[in-house]
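Reading through the structure tokens given below for one structure.
When the chains are written out, they are named A, B, C, D, E and F in that same order, and each has its own residue count from 1.
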Amino acid sequence: MSNRPSKRANDETRKIELIPNFSPYAEGSCLAKFGNTHVLVTASVEEKVPGWMKGTKKGWVTAEYGMLPRATHTRGKREAASGKQSGRTQEIQRLIGRGLRSVVDLVALGERQILIDCDVLQADGGTRTASLTGAYVALSLACKYLREEGLIIENPIRAQVAAISCGIYKGEPVLDLDYDEDSSAEADANFIIAQNLGLVEVQATGEERPFTEVEFNELLSLAKKGCDELFALQAKAIG
Amino acid sequence: MSNRPSKRANDETRKIELIPNFSPYAEGSCLAKFGNTHVLVTASVEEKVPGWMKGTKKGWVTAEYGMLPRATHTRGKREAASGKQSGRTQEIQRLIGRGLRSVVDLVALGERQILIDCDVLQADGGTRTASLTGAYVALSLACKYLREEGLIIENPIRAQVAAISCGIYKGEPVLDLDYDEDSSAEADANFIIAQNLGLVEVQATGEERPFTEVEFNELLSLAKKGCDELFALQAKAIG
Amino acid sequence: MSNRPSKRANDETRKIELIPNFSPYAEGSCLAKFGNTHVLVTASVEEKVPGWMKGTKKGWVTAEYGMLPRATHTRGKREAASGKQSGRTQEIQRLIGRGLRSVVDLVALGERQILIDCDVLQADGGTRTASLTGAYVALSLACKYLREEGLIIENPIRAQVAAISCGIYKGEPVLDLDYDEDSSAEADANFIIAQNLGLVEVQATGEERPFTEVEFNELLSLAKKGCDELFALQAKAIG
Amino acid sequence: MSNRPSKRANDETRKIELIPNFSPYAEGSCLAKFGNTHVLVTASVEEKVPGWMKGTKKGWVTAEYGMLPRATHTRGKREAASGKQSGRTQEIQRLIGRGLRSVVDLVALGERQILIDCDVLQADGGTRTASLTGAYVALSLACKYLREEGLIIENPIRAQVAAISCGIYKGEPVLDLDYDEDSSAEADANFIIAQNLGLVEVQATGEERPFTEVEFNELLSLAKKGCDELFALQAKAIG
Amino acid sequence: MSNRPSKRANDETRKIELIPNFSPYAEGSCLAKFGNTHVLVTASVEEKVPGWMKGTKKGWVTAEYGMLPRATHTRGKREAASGKQSGRTQEIQRLIGRGLRSVVDLVALGERQILIDCDVLQADGGTRTASLTGAYVALSLACKYLREEGLIIENPIRAQVAAISCGIYKGEPVLDLDYDEDSSAEADANFIIAQNLGLVEVQATGEERPFTEVEFNELLSLAKKGCDELFALQAKAIG
Amino acid sequence: MSNRPSKRANDETRKIELIPNFSPYAEGSCLAKFGNTHVLVTASVEEKVPGWMKGTKKGWVTAEYGMLPRATHTRGKREAASGKQSGRTQEIQRLIGRGLRSVVDLVALGERQILIDCDVLQADGGTRTASLTGAYVALSLACKYLREEGLIIENPIRAQVAAISCGIYKGEPVLDLDYDEDSSAEADANFIIAQNLGLVEVQATGEERPFTEVEFNELLSLAKKGCDELFALQAKAIG
């Protein structure tokens, strides 16, 4: 019997949908739904790179992240109005960019940039992992577009990459935390995993108390199971 | 036979949908679709007013507006990242707030604030008029919520309010411009109309050339026709 | 008998002066006085255009607007100190730039920019319309300078342009509102008119209540009368 | 025979006018003209003090400084648009506030603030000294207003204060530099002097080369002569 | 034989010094030296908490991080001059605050705040882990001060906390990376460990390639060894 | 017998140390200690000049100044966090840059920039004069480095430059004020002096009351004595 507010089994994800080509304009896009967490991800191709990369014959992949003010239970401040992005926002968008670049061959991409925008329409926990998982789909579709347009020959993506959160909730390791769980978890962790290659990024935090190595390894096992599901959904979305 | 890229008749709007209660968290919300222009509007109730209104026993309604970076054909800068809202953004959100307040009895609202967020998911022309039209729905639903919660007795909304754009395209007055029309219109105008009461706001600009009084009056006739359609859709959405 | 605080007839402007060449340094300048509203306008020629216009062989005209902190009855914040321009300021300067460009042949101007600065020394209502009316004079003088210097051959200005405010005050349409009228008007409107060509911009707002088409047309009639006076004063100022 | 571009004698100031009550709204104001340098100064009384002074029963005098973009030969950036005040601006406004406070009895002023705004309409050198000299007039008139209104009994101003610039130009000490002199002076200095009391502030800089004590003392003598003239003009302006 | 540029053994830290009471003014302070990485940490006690904590009877511990512009091989921009803290800076200071709070009993601290400032005087890799390790010392000394002043009875610190970096360099897991190693590591990880309690935070990133669970566990073993050394040094520094 | 809190004689400086080459990375550096005031100064060579100097074949020397938040008795705000440099900070860094440039032959420096960073680790009064005095050492070492690297032939530094503060404390002129003296001085002054050449900058302020010429001359005498000591210490530090 489940202790989780949602009655899910400890190793059960929420209902996840990755809807490709959601945007009519972007070169690649995906609406990633993890239960009530909905993130609209677009991938925009720009035929130039940041100044410090000019002439390197390498491309770049970077990400920006935002949350609609009323994506959450209580309204947050609009970052554009307050004049700056929060530390949390910057931390998340740096994480997404780094995670994606870990599976992209920047030389094969050529001297161009793919800009990923992750905008959270609704937030119920796990927005950064939903963002990265959907971003992989949007990025893949943008690369497909580049090949179809004849702008690149080879697919610059070397492996699938996905992310999922886990945590220790009421003493038990659980997969894919929703907001209720996240806000009272004893520890939580985000894992980015590259299919068949291993770990790309691990971020684990003892929120209420330090956690043990044993607990950490249980979280990692859950994450591997979860990412396997995500890899299948991504493959299906890209077609 | 139509000269419009969309083959619409000159006095024909795009397919318009006003989907109420789109957000799971906001006190009122609406997804407003005018063809390919999609705006997600939420109304958030806050039990306090801006500092300069404290103790006045009056409420306040205000609006913020934003566009996802890739809502458009080419990606625009994220305003949160560039650190400020553009003049265009501020102009639009001031317009929406002013238009809504024109039909709200701020005393009946009581000393609280309703904050309207208009976030453009996709933009194909007419985002400010779609925003205001959807905002009326979100605002009405938030007022309904306030009455249901017993926080107010009387509905503070005195009349329906809606907005539509018109313009002179290839020499002819047309209703509800899409992006293709808007970007090459000779003149364009936005009208905010309060049902049975008259004009709330008129903004008309000669983009390519000045326009005549006759032309202006033709645009106004189209706008009245368009807003009548919008009033019906709003009523249906609110139920 | 007049209901206006100033005892003016409903269709009577304030005492208006357009003093050309007020600045010893600018290529064109004008001190525009509409009663107690005084705006110092300068036109600065720059032999370069904004980045996005380079190589187009077209010029650009743009405007900036500011108000001295104690131009008004109570001191306002200095925008330079608070670190940003208000939405109102940006709205006004965009309006002025747009209004001026509507009568300028940007190709005839050549690849250079004319920057209009409108600084309000005293404000008693109608600062945006006084700014645009004076800006036309400053712009014309700057174009005269360009011709005298042999930098351009042809005058790039195709028509005179002027602006005036009107409003419904105590139930009656009146011309050229001062601050006392403006702050309690039921509706107000700003019109930008190009001589012999028609309307360039209309901005009408129901402040206290929506307004009717009949009322709107009365305001427009007043504005046309007012702009005819302004065209004469502009012509005289330019000489 | 004079070596100065203006043909003035070395100890001769420009034509100086201090026009009181220039602003129709401010509690005190002065248009200070030092030749082609024109500064509009207003003094605004606010019945509150900065947070850190609350409850001290002492008042405060502070100053803000700005320059219209085209006050100078070539247009400078508008500080409100670039989003911050330059180091030069902040240095000047700090200097003016400090100089004025040196002659004000803050206890006699009572727990209120006088805000001085110095806005340079035209700049031909010496804007900071013209600002302070005119600010003394505006401040005095504001204090007169406070006494007339019965808000204070005693005049909180203990002495007249004025400022003038001097410099070494073509090897010779000269008084009241204009822009031509200032931009090629070997050294320049600004003196703030309190009548009958002594020096309030000295700022001397070797622009092209270090300067000697002898030179410094010659500059100081010129400054004392110049300030004596200014004290007379101030007294006449205040009446 | 070592492959490391510094010739250290794979499990060997740099020479580490934690110099307590380095600052003459702060309630607690520590100069943390990890080889050529020098961080000056101060702990400032403030008898108030952030607004959102008022009345909770709980205290707060937070951290700010900065780097002198020339702490590094090439000069970086001064964040105060560029007007904002980078994403990296914010990420680090959030990490330090979170890590410290994990071992502090905020109720025992009482309604006051301890502000940790970590300023990097020289950077040779590992500045965030050196910062946290030194911050523990500064925080402990500030808590000692609070007890000595009689402001609190009980020590609010429940356990020692320290941090160290590890990474995979030329295929081998190594402890306490310096800049040369860090900039070419295949993967790197930062561990925050609470003595006898377990893991507080894990951040591991595959820079050049994903990493395996086996590799991760080797890094963790190194980190535990390293933190044990740090716990001893901290204890000695606090005395 | 001394009236000074430190028991120093009126013409006695604090214990001053100028430790050269304190930074392992900068081209020139100095830790300047004036008693408890400690400033870390680095000089960074950049092989480019600001945009407005390109092509002039002249170099540039400029300075930035900062204070660690807890350099003082009570913690100040971190300027990077508050998003801007204070007026005081800007005033000081402009002063340091100007003072250094007065002794540098910018043509001999060649088209490159030397950026001086003055970061105050501890502040006990006189940080700007300690900064400039140490900056001269750092700048000299950077110029030495440029000559040793063969990038320039001739030493671009024409004279030694140093700075010291003086003030009137309890009615008596004293040299090198510490914080206790500075905060209650009747007047204070900062002098920048170039060896054998004269005065580079004088800034004197009557804090509590205006000061006389006689007092000013006494302060100047003290400053000359103090700078002679500093010239000797600088020479020794540079070696």
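Note that in this section a residue touches a chain if its C-beta (ideal position, glycine included) is under 8 Å from a C-beta of that chain, and two chains touch if they have at least 3 such contacts.
Owing to the predicted nature of the structure, the values given are computational and were not obtained by experimental measurement.
Q: What shortest step count links chain A and chain D in the network of chain contacts?
A: Graph distance in the chain contact network comes out at 3.
Q: Spelling it out: a chain qualifies if it touches chain A and also touches chain B; which chains qualify?
A: Both chain A and chain B are touched by no common chain, going by the contact rule given at the top.
Q: Since chain B and chain C are copies that touch, just let me know if over half of their interface numbering is common to both, same, or not, different.
A: same
Q: By how many degrees does chain B turn when fitted onto chain E using C-alpha atoms, rounded in steps of 5?
A: Result for this pair is 120 degrees.
Q: What's the distance between the Cα centroids of chain D and chain F, rounded to whole Å?
A: 28
Q: As a quick test, compute the distance in whole Å between the mean CA positions of chain A and chain F.
A: 50
Q: Chain C: which residues touch two or more other chains?
A: 83-84
Q: When you draw the chains as points and link the ones that touch, which shape shows up: line, ring, star, complete, or other?
A: The chain contacts form a single closed ring, each chain touching exactly two others.
Q: How do the chains line up around the ring if the path leaves chain A toward chain B?
A: Read from chain A toward chain B, the cyclic arrangement is A, B, C, D, F, E.
Q: Please name which positions on chain F make contact with chain D in the complex.
A: 84, 87-88, 90-91, 93-94, 98, 102, 189, 193-194, 197-206, 209-213, 216, 220
Q: For the complex, give me every residue of chain F touching chain E.
A: 23-26, 29, 36, 40, 42, 44, 46, 64, 66, 68-75, 78-81, 83-85, 89, 115, 117, 119, 121-122
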